[in-house]
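Chain lettering (A, B, C, D and E) follows the sequence in which the chains are written, and residue indices restart at 1 in each chain.
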Amino acid sequence: MTWLDLIALTPFLILALGAAALLLISAWRPAGTPLVVGGIVIALAAALVAGLLPSPVVEISGLFDGGPYGRFFTILWSLTAAMVLMISHRYILERNFAAGEYVALILYAATGMGLLSAATSLIGLFLGLESFTLALYILIAFQRQSEPAAEAGLKYLVLGATATGFMTFGIGLIYTASGSFHFPEAFAAMASAGHLRPWGMLGWVMLLIAIGFKVSLVPFHFWTPDVYQGASAPVSGLLATGSKGAVMAALIGALAGGTGLLQELESLLWVLAVVTMLVGAISALPQTNLKRLLAYSSVVHMGTLLIGLICQSANGLSAAIYYLVVYSIASLGTFAVIANLSDNSHEIQQIDRLRGLGYVHPFRCGILAVLLLSLAGMPPTAGFMAKFAIFHAAIDAGYTSLALIGILASLISFHFYLRVIIALFMVDDQAPACHPGTSLEQSVLLVCLSGILVLGLFPDLLFNLIGLILP
Amino acid sequence: MATVLFYILSVVLLAATLLSITRRNPVHAVIYLVNGLFALAIIFYLLGAPLVAAWEVIIYAGAIMVLFMFIIMMLEMVPREPPAGPGWQRWGPVALISVTILFCTLLLITQDPDLAAQHGSPYMVPPREYGKALFGKYALAVQIVSFQLLFAAVGAYYVGKGDGASRRKEQS
Amino acid sequence: MSETLLFLIPLLPLFCAVAIMLFGMRLPRLFAEVLAVTGVAGAFLLTLLLWPYADGEGTRAVLFTWLNSGSLDISFAVHFDRLAAPMTLMVSGVATLIHLYAVGYMHQDRDYARFFSLLNLFVFAMLVIVLADNLLVLFLGWEGVGLCSYGLIGFWYRKLDNARAGTKAFLVTRVGDVFLGIALMWLFALTGTLSISAINAQAATIPSGVTLVLCLLLLLGACGKSAQLPLMTWLADAMAGPTPVSALIHAATMVTAGVYLLCRLFPLISLSAVGMAAITAVGALTALYAATCAMAQREIKRVLAYSTMSQVGYMFMAVGAGTVTGAMFHLLTHAFFKALLFMGAGCVIHLAGDENDIYKMGGMARRGPGELVWVFLAGAISLAGVPLTSGFFSKDNVLLMVYTHPDPLYKIFWGVGVLAALLTAFYTFRLVYLVFAGDYRGSGTAHALPLLMRWPLWVLALLALVGGSLNLPALVGGHERLQHWLGDLAGRPVTVDHHLEWLLVGLAVVLVVLGWGVAHWRYARFRNAWDNPLSRFLLRGWQADAVVDRVLVRPFQAMALFCWAGIDRALIDATVVGMSTRMLSLSMLLRRLTTGRLSSYLAAFAWGFLLILGWLLLQLVQGGGHA
Amino acid sequence: MIVPLGHVLIVAAILFVMGLACVIARRQLIMILIGIEVMINAAGLVLVAASGYWQQLDGQVFVVFLMALTSAEVAISLAMVVYLRRLRGTVVADEFDRMNG
Amino acid sequence: MMTASALPQFPWLSVLIFLPLAGALICVLTRERADESRWLALATTVTVFGISLYLWFHAGDSSGAWLYYEDVDWISRFGIRYTLGLDGISLLMVLLTAFLQVIAVLISWPQDKHVPLFFALLMVLEAGLMGVFMALDMVLFYLFWEVMLIPMFFLIGVWGHERRRYAALKFFLYTLAGSLVMLIALIALYLIHGEQTGLYSFALSDLMRTDLSTTQEAWLFAGFLLAFAVKTPLVPFHTWLPDAHTSAPAAGSVDLAGLLLKTGVYGMIRVAFPLFPTVVQKSLPLLALVALIGIFHAAWGAYRQTDIKRLVAYSSISHLGLVILGLAAWDLTAWQGSILLMTTHGITTGGLFALVAMIRQRTGTRDLTELGGLWQCMPNLSAFFLLFALASLGLPGLANFTGEILVLIGTFQSHPIWAAIAMFGVVFAAAYMLKMVQGVLWGESKRTFDCEDLTLREWLVLVPMAVLVVWLGLYPLPLLKLLESPVLTVIGGMP
C-alpha cells in the first residue's frame, strides 16, 4: 500500500473513518439529528471527493479498481447512502434507533458496496461483499423488539452465511484452478490452461450461486420478500439498490475483461435469467404487500439485467449499467415514498392501505406512480430507456428469444405495478391521511423523480458517462 | 508418512464432522467438531501452512467453538428429552440431496485431468514471508478486515445487548 | 344558366324540409303547413315551367363535385329528360295533393313539424332518384327514400309496433340496396363511370353473362324498393304510418322507384333476354301473389297495399316485356288511382272512428259526405280495370305487350297476369261492397272530414278516370302520346293486329265482369268472412313473415348471439382470462413454495446448487470431458 | 505436496457437502451455524491445498481473512441467536415464519 | 423527404404537442380548482384546434413531401432523433384529434370528480395522440404510442363506470402486449438496417430502405402488425374494446373510438406498410379476410348487445374492419375512402358516445331494455341521436357513406368478391343501429327520469359535429384532395 493508494482510497477513507468517528461521537452525544446530518455530510463528501479527486493509480493494491469505473459506483452508492440516511431520519427519531450505530453501519455498508463495485480480484470481491453484508445483517434487524425485523434479520443472516460458504469454497476452487485471485489472471489462466476447467467451472458456478443469492436470482431469491418486508423501508431500499447493484457492478466489472467465462456460462445464465424474470413476475402477481411486491419486482429486474450480461458485448454491459442506475433510482424512490408515508406506529405496507391515498397525498402518490411506471418500463421514464437498451443489446447479440421472454415478464410486471396504481387512484375509498413527511424525505423523492425523468428523456447523459467508465 | 497421516486425519476429520452434524445435543456436536477441527489443523500443517494450522486451533477450535459452547450453555439448549419418531423423515430427503450433490461434485472434481497432479517439493510457508505478505501486499485487506471486525463487534453488541432501548423508553 | 334551376325541383322540398325541421316547432303551425305544401307545389310548378328542357336529349346540370378519387368522379348532377320529366311531374303533382290532404288529415297531431319535414324530405329523395344523373346520386335518393319511409311508417312511434314496421321497411329495402350497390360498383368497374346515360351508352360493350348478372342485381335492388317477391314483406306492414304517408309510398314515391330504376337502365337490362324474363317472372308472380293476399285481407289499407304490390308487379311485367311506355303508363295511372284510393281509405277510416277493419264498416257513405263513395268508386273501377278508366288502358297495354312478346315463355306470364287481373277485379269490388254496401257494422264515432281531405280526391278521381288519355292506344283512336314522347326511351312499340287486340280487350272486360259478379254474389249482402286455412294463409301473406323469421331472422339472431357470447365471451375472453387464471394458480403455487421457513429456503438453495451441478456435468459431457 | 491435489479437494468437497447437509437438515439455529462453519472450513482446506499446489502463499493469506470474517460473522450470528431467543423464546429456525408468501 | 426544413420555421408541430402538456401541468399544479381547469382545458384544446386549422390553411401544395417538418438530434447513442412531420394523412388525423378533443372537453364539463386531474389527463392524451400522428422517428413514435395509454388508463380507471378497473387493466395490458412485441420488432429492424448500412437510425425514412429477407420481413411485419391490430382492433384482438368503452367516461369513449383506434390504422399506413412493402403485398388477402370477418363478426355481435355503449363499441370494430378492408385493397380510391371513413367514423361515433353519455346522465341507464320513448320528451337530443345513428349506418349524404362507398368502389376494382361481401355489412349495420334507435327513441318510456332536453353546452357539442357529419357527407372533396398525394406516396404511384 502506497500513498498513492491512499489518495485513491480517499472516498472510502472518508466513509469508513467518518463512520468510525460518528460511532465515537455517539458514545458521548447520542442525539439523532446531528449524527444523521453528519452521516449525510460524510456520504456527500465522499461522493464529492470521488467525483473531483482523480485517482492516481489504476488499481489499488491489486484488489480494487482505481479508475473511473470504481469511482462511478462509489459516487452512486455514496449518494444512495446519503439518501437512505435522509429517509431514515424519522425512523431513527421515532423508533429510537441507536443513531450512531445506524449511521455508521449505513456508511460502512456504502464503503463495502463501493469497494465491491470496484473489486478487481476475488479477495477484493470477498472483502467488499462481506463488509456490507455484515453491516446489513445488523441493519435489517435494527429495529429492536420488532419481530418481523428480527425474523428478516435471521433469514438474511443464515442464508447469507450459507452463501458466504459457497462463495469461499468457490473462490478456493477458482484459485485452485488458476493460481491467482486477480480477475485478469484468473480468467487468463482459465482460458490458457484449459485443462483445469472442471474445478474452475465449479468454482465460478459456486461463486455465481453466492452472487445469485445476493441479487436474488431464482431459486436463490426466496429471502427477498421476507427480508424486504421485515426490514425498515430505508434499509430495504438500501438492500434493493446498493446491495444488489454493487454485486452486479462487480460482476459487470469482472466480466468486462473476461468474456470467455461468459461463453461457458452462457446457457446457464440464459436459463437463470429466464426463470428469474418469469418466476419473479408471476410471484409478484398475488402480493398484497407493497414491500413484498417490490421485492419480487427487484427479482424480475435482476433477471432482466442479467440479459445485458449474457449479451457479452459492450452494448450489453453499458445497457446493464444504465439499467442498474435507473433501477436503483426508481427502487430507492419507491422505498422512500413508503418511508415518507409511514409514521412511527407502522409502515405503509399493505396495498389496501394505499386505496384512495392518491387523492389524499397527490404529489407523493403521484411520484410513487411515476416511479412504479418507471420500474415497469413505461416511456418516457428512464425505465423504458433502460429496457430499451437491454433489449437492444439482446437482439443485437442474437438473443431475440431472451428479449421476447423479457417482454412477457414486462407484461406480467405491468399487471402488478398497475394494481398499486389502481389502488392509489382508482378506488373511491376515503383513505386516512398519512404522515406529512419531512422536507428531507421529500427532497429524496424529488431527486429520484427528476432523475427518472431526466434520464428517461435524455439518456445520452448517462450513456456517455458509461461509455467513459467502461474499461 | 505424511501422506498416510493425511489420509488418516482426513478420515478422522470426516468422521468427526459427520458425528458432529448428526448430534441432537449441540454440546456434543461442538465437541465433535472441535475434534474435527484439530484434525483439520494438522492437515493444514501437513499441507505446508503452519501458521494457518495454529490459527485454526486458536481461533476456530479455541475462540469460536468456545463461543458456541458458551451461547449453548447460556441459552440452555440441551434438549431435555429425546424427540419422538425416527429422524429418517427429515434426514431421508436431506441425505438424498446431499449424496447427489456430493456425487456430482466429486464427479466434477475427478473429471479434472490434474486430479493426481502433485508438485514434487513440499511447500512450507515461513512465518516471516507470511507476515510480509500480510502487511505488505495485503495491508489494505487487513485494514478492511479490521474495519469489518470493528463493525461486527459494534453490531453484535447492539444486537446482543439487553433491552436498553426499551428501558430508556420506559424511563422517559 | 337557367338549367341550374332544375336543381330547384328537388332542392325546394329539401329546403322546406330543413326549414320545417329547424323552425317548425317554433313558428305557428300554419307556417309549417304552408311551407310543406309550397315546397312540393313549387317543385310541381317548376317542372311544368322547365318542361321544355326535357325535350330532345334532355338537359344535364351539375351543381358541384361530390367525390373525386382517381378515375372516380361523382358530381351532384341532374339529368332532366323525357323519362324523368313525366315522372317528376307525377311525383310532385300527386305529392302536392297528398300534402294538401295531409294538412287536413294531421290537423290534430301535435308533432306536425316532424311529419311535414319528413314528408317533404320524402319527396326530395324521390325527386333525386328521378332526376339523378349518376347512379351514386340515385343511390343517395334511393336510401333517402328508405330513411323517410322509416321515419314516416314509424311516425307514431309510441306504439312500438309502428316503429318496428318502419325498421322492417328500412331493413328489407336495404337488402335490396345491397344488390343495387354491388351492381353500381360493378358498373363502375366495367365502364369507369357511374353516369346513367354513359352506362347505357356503353351497355353493349359489357359481356352478356355479366349483363345478366347485373340485370339480376338491379332486379333484386328494384325488388326491395318496389316490394316485389322475395323482398315484399315490408309493404303490408308499412300501413302503420299515417294514411297520407301510405298514399305517398304507394302512389308517388317509394314503390315506383324500383320500376323507374329499371326503366332508367332499360338499355342495359334489355340486352339480357334471360334477365328480362326474370323481371317479367318476378312481376307476374308478385302480381298473382299479392292479388291472392289482397282477397283475404281485413284491413282496408292492407287490401290496398297488396293491390299496390300486385300493380307494381304489372309494371315489372311491362319492363320485362320490353316496354318502358307500358311500365310508365301503368305507373302514372296507378299513381292517380292508388293515391285516390288511399286518401279515400283515409277518409273512410276517419269516418269509422279510426277503425281499419272492413268487416266493421259498411254503409260508410251515409256516415259522411255522400260524394265519398263516388270518388272512391272512381279509384276502384280504375284499379279493377273497368273499361275506359285509366287502369283499364294501362293494364291492358301491359298484358298486350306481354302476350305479344316473341318468347313463348311470356304466354305463361300473360296467363298469370290475366289471372291476377281477375282477382284484382274481385278484391276491388269486395272492398267496395264491404265498405260501402249495407249497414254500418262498427261502433266507432265518426270524425269530421275537413275540406282539405275532400277536394284533392276530386282531382285524383278525375285523373283516375281520364288518365288513360295519356297513352290512348291507336285501337280506340288514341295517339299513344306517352310512347311518342318517350321516343327512343320507350322500348318495344306495339306491333299487333287489331283483331288480337280486340280479343284481349274483350277478355279484359269479361274478367272484370266475372270478378265483379263473384264479388257481388259473395259480398253484396254482408256475410261473415271465410275462416278456413286457405283464407288464413292468404291473410298472413302466404306466411311470408313466418318463413322469413324462420329462415333468416332467427338464424341471424342465433348467429349474432354466437358471435358475441360464443366467440367473444366464451372463446376469446375465456382464453385470455384462462391464461391469467393459469398464471395466478402458478403464482399461488410459487406462493406456497415461499413458506417463510428457513429450511425450505435453504433446501431451495441446495436444489438450485444441484441443478446447476447437473448443468455443469451436462456441459462437461457435451464438451467431451475436457478440451 | 504430500498428496495429490485432487484428493484434498475430494476431502474438502465431502466436508463441504456435510456442512451443507447440516445446514439444510437441522432446524436448530446453532446447528445451522455449525454447518456453515463446516462449509467455511472446507473452503479453507481448499485454499491451503491450492496454496501448496501453486507454491504461493496468497491462498494461505486468504484463509486468515476467512477466519477473521468467520469470527465476525459468528459473533453477529450468536448475538442474533441470543436476541431471538429473548424475543421469541425459541432458537428453532423454522418457527420464524410469520412472513411468507 | 425534407423540403422546407432547411428554413428555420416556427416549430408549430412541437407546439401542438407541448401546448397540451403545458396545459396539463398547469392543471395539475393548480390542484383543486375545478372551474379554472375546465376553462384552461377548453382554452388549450381550442387553441390547439386553431393551430391545426391554421396549419391546414397554410399547408402549401406539396406532392410527395412533408407539409411541415421538424428534426432535432435527440438520443445520439441509438441514433434517435426528434423528428416530426405532417403530410395530408397526418394532418387530417391531427385535425380530427384537435377537434374531438375540444368536444371531449366540452362533454366532460359536468365532470365533478378530481376535475383538474381529469382535464390534465385529457390534455396529456391529446399530446400523445398528436405525437403519434406526427412522429417520424420510430422511437419517438413508440414513445407517444405508449404515452397515450397512461391517460386513457386513468380516464377509464378513475372516472369510468362499472367494472372500470378491470376494463382499464384489460385495455392497458392488451394494447401493451401488442406494442411490446412491436418494440422488439422495431429494435430488430433497426439493427438489421444498421448492420447493412452502417447508419444506425430509427428514422422511418431510413428504416424504409432496409433490405430484408422474406422471412425477416414476415416476422417483423407480424410484430408491427400485432400492435396495430390490437389497437385497431382487428378480430380476434378486439375484445378489450367493448369492455373499455362500457366502462370509460364519455370523453374517454369519444377519444377511444374517435382517436385511439385510428392510431392503429394510422400505424399501419404510416409505419407497417411502408416498412415492409413486399410482405405487405403478400399478406393483403389475409388482412382482407380478417377485416371481412371483423365486419360481420362485430356487426352480429353488436346486434345482441343491450348496453348501447357496447353496441356502439362493436359497431366501431365493424367499421374499422371496413377501413382495413380498404387498405387491403391497395387502391387509391379505397385508401382515400379508408382514411376518410376513419375521420368520419371518429366524428359519428364520437357523437354517438357523447349522446349516450347525455342519455345516461338523464336516465341513469344505458340498457336498451330499460330505455325507450326518449323522443317524447327530448326531441332535440333524439334527433341528434338519430342523425348520428343514421350517419353511422352509412346513409348517403351523411359522413360515413362517402368513406364507405369509396372503400367499396375502390376495393371492387381489384377484388370484387371482397367488396361484394362487405357490401352486405351495411344491412347488418342498419340492423343493429336501428335496433338501438328503436330501443332508445321509440316506444313508451319505461321509467321516469329527468326529462330535460339539450342544454346550451350540449348544443355546442352536437351542432359542430352534426354540421361536420353533413358537410363530410356532401362535400368531402377538400379532404380527398388533401389525401391524394400522400396516399399515392404510400401505395406507390397510380394503381
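The rule is short, and it goes like this: contacts are C-beta pairs under 8 Å (C-beta built on N, C-alpha and C of every residue); 3 or more make two chains touch, one makes a residue touch a chain.
This one's a predicted model, so the numbers in the text were calculated from it and none came from an experiment.
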item: Touching chain C and also chain E, the following chains; value: A
item: Shortest contact path, chain B to chain D, counted in steps; value: 1
item: Maximum centroid distance from chain B, chain identifier (CA atoms); value: C
item: Centroid-based (C-alpha) most distant chain relative to chain D; value: C
item: Between B-C and A-C, the pair with more C-beta contacts; value: A-C
item: Gap in Å, rounded to a whole number, between the CA centres of chain D and chain C; value: 95
item: Whole-Å separation of chain centres (CA-atom averages), chain A against chain B; value: 30
item: Gap in Å, rounded to a whole number, between the CA centres of chain E and chain D; value: 65
item: Centroid spacing, where centroids are CA-atom means, of chain A and chain E in whole angstrom; value: 43
item: Junction residues of chain D, two or more chains touched; value: 5, 9, 16, 19-20, 23-24, 32-33, 44-45, 49, 51, 53, 58, 65, 69, 72-73, 76, 80, 83, 93, 96-101
item: Set of chain B residues in contact with two or more other chains; value: 97-98, 101, 105, 108-109, 111-114, 138, 141, 145, 148, 152, 155, 159, 163
item: Interchain contacts (touch definition) - all pairs; value: A-B, A-C, A-D, A-E, B-C, B-D, C-D, C-E
item: Complex contact set, residues of chain B against chain D; value: 2-3, 6-7, 10, 13-14, 17-18, 20-21, 26, 29-30, 33, 36-37, 40, 43-44, 46-49, 51-52, 55-56, 59-60, 63-64, 67-68, 71-72, 74-75, 77, 90-91, 94-95, 97-98, 101-102, 105-106, 109-110, 112, 114-123, 125, 129-130, 133-134, 138, 141, 145, 148-149, 152-153, 155-157, 159-160, 163
item: Residue numbers on chain E that touch chain C, as the complex places them; value: 236, 238-239, 242, 297-298, 300-301, 303-305, 314, 331-333, 336-337, 372-373, 375-376, 379, 383, 390, 395-397, 402, 405-406, 408-410, 412-413, 416, 419-420, 423-424, 426-427, 430-431, 434-435, 438, 441-444, 474-477, 480-481, 484, 494-495
item: Touching residues (chain side chain A, partner chain E) in the complex; value: 359, 362, 373, 378-380, 384-385, 388-389, 391-392, 395-396, 400, 403-404, 407, 410-411, 414-415, 418-419, 422, 425-427, 458-460, 463-464
item: Residues of chain A touching chain C in the complex; value: 154-155, 158-159, 162-163, 166, 194-195, 197-198, 201-202, 205-206, 208-209, 212-213, 219-220, 222-223, 225-226, 264, 267-268, 271, 279, 282-286, 412
item: Interface residues, chain A side, partner chain B - complex; value: 1, 5, 9, 16, 19-20, 23, 60-64, 96, 98, 101, 104-105, 108, 111, 115, 123-124, 127-128, 130-131, 134-135, 137-138, 141-142, 144-145, 153, 195-199, 201-202
